[in-house]
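The next part holds the structures, each set out as structure tokens.
First chain A sits with chain B, and in the next complex the same chain sits with chain C.
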Partner chain A sequence: MTALSSGAAVPLARALTLRRARDIALQWAAAVLLLAAWEGASRAHLVHPFLLPPLDEVVARLVEEVTSGLFFVNAGLTLYRAVTGFAIAALIGVPVGIFIARGGIAKWFFDPLVSIGLPMPKISFLPVFMLWFGLFDLSKIVMVAFASIFTIVAAAEAGTAGVDKFLAWSARSLGARPAEIFFQIMLPAALPHILTGLQVALPIALITAVASEILMGGTGLGGAMLQSGRYADSVGVFAGIIETAAVGMLAVTAMTRARRRLLAWHAESDRA
Partner chain B sequence: MSSGAEIVIERVRHLYKPPRGAPVLALDDVSIEVGKREFLALLGPSGCGKSTLLYLVGGFLPIEGGAIRVDGRPVTEPGPDRGIVFQNFSLFPWKSVKGNILYGLERIGLARAERESRAQALIDVVGLSGFENSYPSQLSGGMKQRAAIARTLAVDPEILLMDEPFGALDAQTRIIMQTELLDLWRRSPKTVIFVTHDVQEAVLLAERVAVMSARPGRIKALIDTKFDKNDEHLVKAKHDEIWTLVRDEAIAAQRGR
Partner chain C sequence: MTLLARYAPLLLLLGLWEASSRLGLVSTQMLPPFSDVAVAFAGLIGDGDLLANAVASLWRALLGFSGAVIVGTLLGAGMALSRTVRLAFNPVVQFFYPLPKSALIPLVLIWFGLGDASKVVLIFLGCLLPNILGTYNGITGIDQSLVWSARSLGAKRFAIIFGVMLPAAMPQILVGLRTAIAFAFLLMVTSELVIARDGLGYLIGRLGDSGVYPAMFAVIIAVTILGFAADRGFLMLTNFLLRWRE
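Then we have the complex of A and B:
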């Protein structure tokens, strides 16, 4: 309060920095508390170390996997499957969603498919894709694309259908042709919605990649966890969980950054 | 038809078809002519179809009955000869103020230097110097509407269609914007159709006021308002005259709902 009433910029900036530091400390506190509870529980022998291995053993395994490069091989494989499937879903899903929003035959054809597909447990198609596309990368990538495409289509449709008609009218009266209205007006106007769809779909893609690896094997983060489970190596399983969480967080953060860059014009960007 | 008219609206009928429910007759047998460089206000209660009539002149809606001609040619689609300003600004939010103003100039294929200098000149005219690179979300309502007007003026339309352009602004900003619009119009007169439900605004700005009836919209009266607007008594008298006409329609419109 004193910093504000003094009117000087420096104390105000310092107060803001302090508040920000406090917020970050609180954010970390939750994670640290969870880890402390974990370590405490296993040290006090409250749970059997096989069910919940001590944290320090898991950390040691993480360090080992990172330094040996094994982590990067597995994470790379999982990311390759997740990102390729996600990219295919985005490249097909966004145009299809926009197409549906324009109405006509596309709407009648695709709307029921999306309505059925969106709430369906997509992973149940894994046996089918294994049958069709084999046991290696292709079936996993198809699985990822299939799991994430419905969200992307639905978001692109809602975003395009919700574009203010006066924007298109303004462009038309300024001399824009239909193709220009589509690429220069409709697409950027729907972009916030489309990006939201992609942001929701990316974790789905990662989850699906890891889940198909756990179900089918074939290394990657999920495959490694499947392997550890088979050898009753609970330290390996928990190390895998932490690795998966870390990769997921990285991907989501990258996506948020990309959104902030693409939508610098958007009112939401002002709320830093 | 008289030769001085730039816009001829002849026996226009329009059915409004809501997504659900029965169609409503929005405009019934509307005829009016707007002269070259005339400032006409379309005044009426909300829902009387005055915006619909403006959109028909703009070419945004298909003409179902009757005819609209601009400079002798029937209106079929929107074009840069008829600039439009909407109530909610409708600026492209991903473009800066300058980017918005440049959009129309890019469409008509001007050389880059020419585009830049014209955009900058307009930014100065509407008083947005220093905000060239701001995005619409960073501007106040009045500034947004200035930017929107500049964007429309950039392609130098002969006709300016204004759809309650100051309706979303606060009272003070509205008065300032009205004065500035009049200044702008006096400096480079254009044919203006100005839709409003504000009697005071219509009397202050327009040379002629077309009072529309409640739905279905018809032209109920045409009132000459070309006089010295500094004469408070005359303004008051005209205001009262038009207000009596509008009041009955406003009441009818309220009962109709």
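Then we have the complex of A and C:
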């Protein structure tokens, strides 16, 4: 505040850096305090070590699973199922959403289906997919695709329908062909909304992949946790949660990066 | 009548379903005819199985969801209004935000066992984050001149929070609630499929394991209808609560 009133640019910048440094320090302090409370509570036997295993044991397990490569096998399997299902949903969902936005019979047919499919708990179809596609990767991938496609369709539809019509009209009056209008005007203009839909759908894909592994087994991060839970290995469960969070963070960050790349030309990128 | 016209595509699909399994295009083992599913549905309603399990499920969802609304709104408001609260809780929120919530199922089983508590806590944790984020985004996004005007008119801090900030943040809070409802249903069914003695997810699993597929499809349809009805009901509530806008 004093820096602000002095009106000089350099002290203000320094004050802001100081403030940011203090904020970051405070957040780290909060996180460390929490972890220390965890370790202390289980060391002092305030909580039964089965319910809350000591932090150092969990960390030791994490190190062991990373160095032995087990983590990469499980994370790879979960990511393979989640990303394949997500990609299928995106490849089908985005064109379908764009197609619906054109109105007519496609809108008449798909709109009610999407409005029912969007809020329903899609995981309840897992037993059906197990019946149809067996107990291995295929049923899990279909489950992930089914769970994430409705969000993608709805976002692509809303994005395309919301594009400023004057953009398309101007292009047409300047002599652009329909294909040019679509790929150079409509698609880029709808892209922010489509990407938002994909950003919402990716965590859904991960949740569904982990959930179907927990329900069906078959290794992967969810399957490994199911196993640990069955053998009353709570250290394994805690390590599994941290591993799953790491994979989730990786996926979410990758998606944010991709958005920034794809929308480098867009006004929203100037804000950061 | 307009409702019928609007959902005609659905009837078309149901007709297609019935025809394809009646005509033997798909095996009735894989896809029982819709009419069989409808009969099974009526049977489940008749013997009270569906109602009892639906009540058990919805009770868990409601408890976990309500807890998350109270705690999430308070925490989100606290994080928006106080730097200390924000900095203290930010690491936890950052950790839980990308975590696929279904990964918490083995944990709540260890902590709370096989009864209702494990499912309620799971639904609570899953619904918490959308509520925190909705409230936080809503309050930080308020037009500050609203707060300044209220303050210059002599409003106390308490009155500003409940009279100005919460109503102004309401649209965002309600978006968070809608996401939370979807999570509540997802986690309810998932956790009941994993381990439970009653509930709709348990019923789906049990009927599937014993090969009673028409009844299994009937329960899945019931879950779909419940999820749809909850979402529609919430949209109506949203329109009612926000009727002061425009």
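The working rule: the second predicted complex is superposed on the first by the 238 of 272 C-alpha atoms of A that agree within 3 Å, B and C clash if a C-alpha of one lies under 4 Å from a C-alpha of the other, contacts with A are read in each partner's own complex, and residues count from 1 in each chain.
Going forward, contacts are C-beta pairs under 8 Å (C-beta built on N, C-alpha and C of every residue); 3 or more make two chains touch, one makes a residue touch a chain.
Please read these numbers as outputs of a predicted model, since none were measured by experiment.
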Chain B versus chain C as contact partner of A:P188, first or second or both or neither: first
Contacts of A:W265 with chain B and chain C, given as first, second, both or neither: first
Contacts of A:L113 with chain B and chain C, given as first, second, both or neither: second
Chain C versus chain B, contacts on chain A by residue: C
Partner chain in contact with A:E180 - chain B first, chain C second, else both or neither: first
Partner chain(s) touched by A:F166 [first = chain B, second = chain C, both, neither]: first
Touching partner for A:S42 - first (chain B), second (chain C), both, neither: neither
Touching both chain B and chain C, residues of chain A: none
Complex contacts: residues of chain A adjacent to chain C: 23, 26-28, 30-31, 34, 50-51, 108-110, 112-113, 115-116, 118-128, 130-132, 203, 206-211, 214-215, 221-222, 225-226, 228-229, 232, 234, 237-238, 240-241, 244-245, 248-249, 251-252
Chain C residues touching chain A - in the complex, by the definition given at the top: 6-10, 12-13, 30, 87-92, 95-107, 109-111, 181-182, 185-186, 188-190, 193-194, 200-201, 204-205, 208, 213, 216-217, 219-220, 223-224, 227-228, 230-231
Touch list for chain B against partner chain A, complex: 58-60, 77-80, 82-84, 86, 88, 90, 92-96, 103-104, 107-108, 135-138, 151-152, 155
Touching residues on chain A, where the partner in the complex is chain B: 164, 166-167, 169-176, 180, 184-185, 188-189, 191, 264-267, 270
